[in-house]
Each structure stands twice: as C-alpha cells, then as structure tokens.
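Chain IDs A, B and C follow the sequence of writing; residue 1 opens each chain.
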Amino acid sequence: MPSDRILVIGGGPAGLEAARAAAEIGTPVTILEERDRLGGAPDSASYSTVTLDDRPAGEILEQARRAVESHDLIETRLQTRLTAFAGEVGDFRATVAGPDGATATVECGSVIVATGFQHFDPGRETQAYGYYEYEDVITLVDAERMFSQGKFVRPSTGEPPRQVCFIQCVGSRDRRIGNEYCSKVCCGISSKQAIEVRELVPDCRVFIFYIDMRMYGFWENKIYWVAQEQHKVNYVRGIVTEIIKKGDQLVVKGEDTTMGRPMEVPMDVVVLAVGMEPSPGTRAVASLLGVAQEKHGFIEPAGGAFDTVSTSVPGIFVAGAAAGPKDLDDTISMAGAAAMKAVAAVRRLALTH
Amino acid sequence: MSTQLISPGGIPREALAAPGRQFTRDPAQAPTEDLREAAFELEAQGEWIVQRVPEPYVEVGTKYGRLKKIPVQQTWHHKSCGQCGHIPGYSTAIFWLNRALGLDYNDPRDQTSCTAWNYYASATSNVGAQAAVAMRNFSAAYETGYYPLIHCGTSYGHYKEVREQMIHLPELRHQVRDILARLGKPLVIPEEVVHYSEWVHAMRFEFAKRKVLDLSNITVTVHPACHYYKLVAEDAIYDEDIYSGQRTAVVTGVVQALGAHVADYSTWFDCCGFGFRHILVQRDFTRSFATLRKIEVMKNEANPDVVLTHDTGCVTTLDKSQFVGKAKGHNVGIPVMSEAQFVALAMGAHPYRVCQLHWHSVDYRPLLEKMGIDWEARWHEFEQDLRRIEKGEIQFLTWEHADAK
Amino acid sequence: MTTATDVPAATLEEKQRVFAEIEADIRFPGFLKGCYECGICVAACPSARFYDFSPRKITQAVARQDVELVWEQMNRDVWDCSQCFSCLRCPRGNNPGGIITIMREVAVNNGLRSAKEALEGYGRIIYKIMGTGTQVSPDMIQPEAFPDWGPETRDVSANLQLWRKALPPETLHTTSTAWEVNDKTLTELYLIWHLTGVLDMIKAIDAGLHMILGDVMEEMLEEQGYQV
C-alpha cells in the first residue's frame, strides 16, 4: 500500500531535526532509535557543549527532543532496529524489531537515514599512544564528559593537571589506519576544549600538536584566535609518534617541525582528538537498504553539489554524519534538506494515485 | 588444528592497563590487505606454490586481530648470520628448546644469509637480488618438506617486504621466477612468514610447565626489535592480555609466563641503535644511542637484572655498547641476551654448553647467581669439555654432552 | 660525515638524470605517496637524535622533486639513516627509510663519492656476504677491529677455534662463515648476483673487490656447470 509516512532511522540531531521539519509541514513520521532515549552521539557521549553554541549541549538536545515528542504526527520507537526492508519509493515496508524482540512492519513512502558516526577507537591503531595502557591518556569524548561535570583533572590522581596536550588527527587522515578523510570538527573541538581547560585550571599549560589546523569559516577567529591570543594555548606543528610513562608523568615524543627538532615533553594529561567513523548502525542500515557507501563505509550522496541528501536508491535520503564527518550546523542544515526531499517524494506519489 | 601441546589459560593482565578500559580487536576492521589471501590467489593462477603451515600449529592474534598460524614442529631453521657468528648461544638455545619439547626440526646447510644486513647497510644490492635470495631459501625449505622458521628479525621483516613486493610487482615476480628456474627451483612462498620469537610465544606455556628455576625475583626489561614489529607491522603478534593489546606481545609474554617481572621504561619503542652500517663502520653512533637511549634509561628507571630481546642486531648492539659507556662513567651494566637463552636457562639448560654466555660481554654472572645457577661449577664443566676437545678425546661438543647432567 | 661544502659539483642535467633513476625504481610508487610534513618520522628516528638528519626533509625534497636538494642529500644525509624503519608510522603510508634505500642504491650505481666514502672499510664485509653466503663470520671478531667491544672480545678471538668446536649444533663448527653452507647453495647465490646486476654495482664502487669476487665466482660457477 502506498504510504505518505516518512521513516527516520536514527534519533540523534539529524534525525530529530528531519522528523521535526517533516512533521511541521504535515507529514507523518516514524523515528527508529536503537538506544532507550533520543539524542544520539552528543547525548550518549555526554557532550558538554556543541562547538560555536554557548548553551549547554543538554539544553539544546532537550529542546530538540521536546519538539519531536510533543508532535502528534511523530511516532517514536525506542530500542528498535531495522531488520529487513523492501519495496520502492512511495511504497516501502520496513521490518523492525523492538525492545521485547517483537517485530513489526512500518509502511512508509520515503526514508531518511540519520544513523550517524562513532568515535575512532585509539586501540585499533595508534596503539603507541597507549590509550588502553594509561589512564591519563584520554579522548575528546572523555574530556567532554569531565567538562559536563564542570571539572578537568588527571584521571589517575583526581588532581588538576599542570601540563596538558591535545594530539590532532587521531584516526583521521591516515592511510595506515584506512581513514583517509579529515574529520572536520576535531581541530575546533580541541581548541574549544583547550580554552575550557585554561578556564578551569588557569595555571595549566596547554599544547596542541597538529598537522594542519583546519579552522574553517568563523571557527578561525571565534575559536583558534581566542585560544591562542587570550588563553595562551601553544600550537606546535608536528605529530606525536608515541606516548609512554616516565615516573608519574606521561612523555609525548614528536618533532617540532617548524623548529626542525625532535621533542620530548612531559604531560599530566594527553587528549587524543579522535575522529569520526561510520557508526555500526550506519554500516548495518546501509547494507539493509542497499544504498551505496563510499570507501570508508559512510553513505554516499548520489546527487552532486546541488543535492547533498539523495542516495543511490530513489526515495531514500541521508542526513548528518551518516554521510561523512559533519559539524552540527551542517548536520542540521542537511536534515532540513532531507526532510524537504522526503516529503516531496511522498507527496508526488500521493498526487498521482 | 591441534593444540595438544599448548596449555590453556592465560596470564594476569598487566598492571599497566588503564582501569575501566578493555580493548577488543575486530579483524573485520583491519585496514590492510591480507597478503596471505593474495598469495593463495596467485597460487590459484599458477604463479607460485604456497607452502602450508604443517599441523599441528598454534593460532595467535596479530596487530589487527587476524589469526596467524605458528608451526609447532617440522621447522626449517633459517639461521641468522649474526647469531651464529657472534652470539652462537642464541641459535643453540633455539635448537635446544625444540629438542627439550621433543620436536622435529631441520638445521639446513642449504641456506644462505638473507643478505638484508648488507642491503640495509651498504645498498650494494637491489630489489631483484634480495627477492631472489629470499625465494631461493624458501624454495630450499620447501624441497625438504620442513617449514621456514626465521631466527633473525631483519630476515623476517625483510622477507615480509619481499613477499609484499612479489605480490604487488608482477615484473619482479617474473624476474625471480626465471632466476629460480635457472637454478632448477620452484617459486614458493610460505603461507605465513614466521619468526622464532613467535614460536617461543606460541609455546610459552609449554616452557613454563618445564621450568626448573624460580624467577619471581628476576626483573626483566624487554627491547622489542624494530624489524620485527615496525617493518610490515600488521602480522606481528599482539595479545589483549599483554600491554592491553597495544604493543607487541612477543618476549614479554614468555617472560611473564615464566613468572619473572617485566619492568617498563620510557624508551621502550626506541631502536637499539644498531644502524646496520653504523655498528660496523660508524660505531660512535651505535654506542651512544644504545647507551644513552636504552641501557642507561632502563638502568635509571627499572634497574633490571637482564635485558631480553629477540633479534640479532639488538643483542649485539645492547651488549657490546656498554663497555665504552661504563668507561665513560655512564650508569650501565645490564646483561643482555635473547629470550630464547633466558627460557632455556629457566628450563635448566647449561649456561655455557647451551647458552654459550662466554660469548657475551656484559657480566651475566650476578644474574645467574640470582636465578640460582652455580655458574662456577658450570664453567668448570665447560672447561673440562674444552680440555677434552683439545686432547682429541672428542671432536666436538655434541647435544648429548650439552644435555648431560 | 661530510659537510655541505663537500657536495661534489654536477650539472643540473646530471642531477636530473640521477633523480630520474630514483623515481624510476619499481619500489618508488609504493614508498612515496605525498607528505604532510608532520614530522612523525623524525620523532621516531634514532639518527635524527644524533645527526643533523631528517627523514622528513628527505621525503619532502623527493616529493617536491627538488633535484638540487636531493643531490645534496644523496651526497651526505642518506648514509646517516639507521634503516630501522621506525618511520613507517607515517600517516600517508610513506616509507622514508625505503626512499633512502633507493637513494643509496642510486648513489652506488652512479659511483657517487659519498657512496665510496661511506663504504670505505666495508669491502671485507661485502666480500663475506657475496663470497661466502653468510654475512658475518666468527673470525671477523678481532680485537683490533672491535677495541670498543671490551676485553671479552679478545677472549672470543683467542679461543675461537676451540670455542666453535664446543657448539652442539653440527652446522656451527665453522670460523670463516657463520654456519656451514653447501657448495651448491653458494653457487646458486653467485648465480643470483650475476643475474641481478649486483656485481656491476660493486664495480662502480670498488673495482678491486669486483675483480676478486669475479674470479672466485666464475671458477666455482664453471665447476658446477653454470654458463654465465
């Protein structure tokens, strides 16, 4: 049976915004979310803030959640996964499995995939950074969790650190790891976090070791310059090869490439700027839907520069980090575009029937 | 597969592991091509023969979680020139460990050096010659029915480079095939390129069962060999229970299985300073690096009883470099040997007849005393062996002498 | 090692010709992709700690096709590399140590002065490996060659014949080779040297050594019935 319902897979920022936008113009929506609550990666990873927005991440997410939960046209199925998929644009049938294992069929006219990303696991490669050996080696995600509790300490002692560094491009731009792309947001997030460390622990020295600082648009003057000029964050061009413990401190070994010499610097906390990878959900859903993926597993938009959301299958659209590394601004913009196309897809069919 | 020889059970997780974090490997995420599959594909196309790892074998995990087959026996011992030439107790200990477990092996005369020491040192070689030398040795092993077990870390790393090049460069493959044809030899690639330290790691619980010394008061620092785990990195052995799966597990794994204490130090990942040409003709570099970046750091941070490593150049460099360091007042003086010699000692091997420690430079006697070995009595026995050889009573020291109680 | 002023003069054409030989090596496309200039190779490099040596600068120069700088590096820096391959951690998948291997081979093939200097005193070792099939032998440990290895080296040297007999493995009773190598095996190795042009490389560096090796090998190859 043809259906004018839109199925949104994934209840993170992209899915929430796509659902809200489609419902706002009168289209019924079903959201599938595998976790037991909406919010996606910023929620599950306890983000403190989202870059370039001063409000707490929790507040922004709560607002998005309320918009969805209060809308009559939106049905939310939590702890639910897609298990099978059939049909064509205007007349898709999705088989879903809920929390009790019971399956159901959702009929829908179009689909928006918003299954997001996962953070790179630094044990998979970059093992010489010792993330699984040393408590004081943490990731941006671990740091974010501390900031959301209003503190920044050495995990091994609970004391404020005296010397902290960020290492950029961990799990990104690396042929040996297989992740050849730039994750786009880590330079900005590290710089934002560096500012937060300086604010929380004013006598702590903070370093950022980078290959290229990629602070596009307003991130340049609103984050990078602020970190460097007001907060005296030290940017050192050179990537660290390994981290190892010496006494009760960590030692990072790298080259200061602009000075042209090897360096070994003691640190209390090292923050690995882990990049983005396709989430397991993105990989699984892409294969169930049969949409084309690019070489790293992200869903590949098929429409070129003027259509960032159509996939290789008519009637299936993609929004957010399921399609590749995205900041939140781009994710939300893309969700609106996907909602528009998905609504157009179901309405065009409604008119012809 | 059979693992009858292998005891179940693991060893306690290293205290180093960050609490609350448990790494799990997923071979599906391995970023590199599986060269073994590529080798089988070329075999299917008639390009070469893949020599299978003989059963029984032990499967161990590598860097990205793939499994690697380690042969238990029927091994063809691809010896190391530096070990046999300058540290003969190293090679002898590897053979002794095979004998101690009653395993069948072949010590060939139809084997040349891999010649990679020269290749890396002097560049008076080229890619075709290196590949031909490697493939000649592989072919020689295949003809005996025994499986190559490579004693030298550089040979092992270099042969893995050769395998990669032979797979990806058809021009090279065909050049080498034609050369081997002139020698009347088939083109053969082993299914796995296996280093002896991987075999020691795979058999470590068997050795632990047979140890006769208490090593609980022995502190060891491990030096991992660059050509073992940095050169063609993906099939070096990693184990989630050792360094949380973040560093190669060989050497450390067997030392822990034997109940000795492994101490960490802050230049663990550093090279030894061997340098190939440097150890021979630019030794000031080698000595300085080995002393300042390795031995002195170990001494200051861990004060170990012994440094164990698993490659020829590393044993030589770390052992021979300490004499000048000591003369210059550096904090040095740690005996150096291969883990094979250490394991053999733990299992009761003779320190001179088998481990041949008189070829080593740094004083190892305090270590032997701490391990509970009466080195004076053992040396006396060995001197008697030497007198018997001098008198012509025996021509050589044999395995029977070596194992005599 | 040599200093910048020692770099031999050459025409631009000569430098370009030599550079083209580096790029033409079949390993080259696998060894150099592109360079972030991030310095991870230097961070891991033992030689960079003791010499004015940078695998990053060498990789950058080759990637930028800077034939002038590459010429200087071939005449100076490349011999400082330890060939440990710690630099393989490169995120771009470069192999700086491998690029240096190729640069050294090109230096040898062209008889560059740096290659001749770097290999001074090395002829004996080349003779061992090419002539005997094992690279290092027990009789190479002589106290005058290794005075810095301590007094134990004297003991080894003084007792060499006897101590070699006191080794249980039957293949290790040798003193002039690391282990006993069959004549047939050795001949096969000689044939490999001939067929792969390695003898020609030696000729460019050390004509005397080339002649000695040639004589040894030809005789044995003829004995075994190989046509060279």
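Just so we're on the same page, a residue touches a chain if its C-beta (ideal position, glycine included) is under 8 Å from a C-beta of that chain, and two chains touch if they have at least 3 such contacts.
The structure displayed is predicted, hence computed values, not measured ones.
At the centre of the protein atoms shown, by the Cα-centroid criterion, sits B. Among the remaining chains, the Cα-based centre furthest from that of chain B is the centre of A.
Here the spacing of chain B and chain C, counted between their Cα centres, is 23 Å. Centre to centre, using the average C-alpha position, chain A and chain C are separated by 49 Å. Taking each chain's centre as the average of its CA atoms, chain A and chain B sit 43 Å apart.
Residues of chain C found to touch two or more other chains are 44, 49, 86, 89.
Each of residues 269 in chain B touches at least two other chains. Shown for chain A are the residues in touch with two or more other chains, namely 128, 176-177, 241-242. Those residues of chain A that touch chain B in the complex are listed here as 121, 123-125, 127-128, 130-135, 137, 176-179, 241-242, 244-247, 251. Chain contact summary for the complex, chain C toward chain B: residues 25-27, 30, 44, 46-47, 49-51, 79, 82-86, 88-89, 101, 104-105, 107-108, 115, 118-122, 125-126, 129, 133-138, 140-141, 146, 148-150, 152-153, 155-156, 159, 162-173, 178-182, 184-186, 188-189, 191-193, 195-198, 201-202, 205, 226.
Against chain A, the residues of chain B that register as touching in their complex are 14, 16-19, 21-23, 25-26, 29, 31-32, 63-64, 238, 243-247, 264, 266-269, 301.
Remark: chain A residues 128, 169, 173-177, 211-212, 237-242, 253-257, 260, 262-263 touch chain C in the complex. By the touch criterion stated above, chain B contacts chain C in their complex at residues 79-86, 88, 91-92, 95-96, 107-113, 115, 117-129, 132-133, 136, 140, 157, 165, 168-169, 171-172, 175, 179, 182-183, 185, 226-227, 230-231, 233, 269-271, 273-278, 280-281, 283, 285, 287-289, 293, 320, 322-324, 353-354, 356, 358-361, 382, 385-386, 389-390, 395-399, 401-402.
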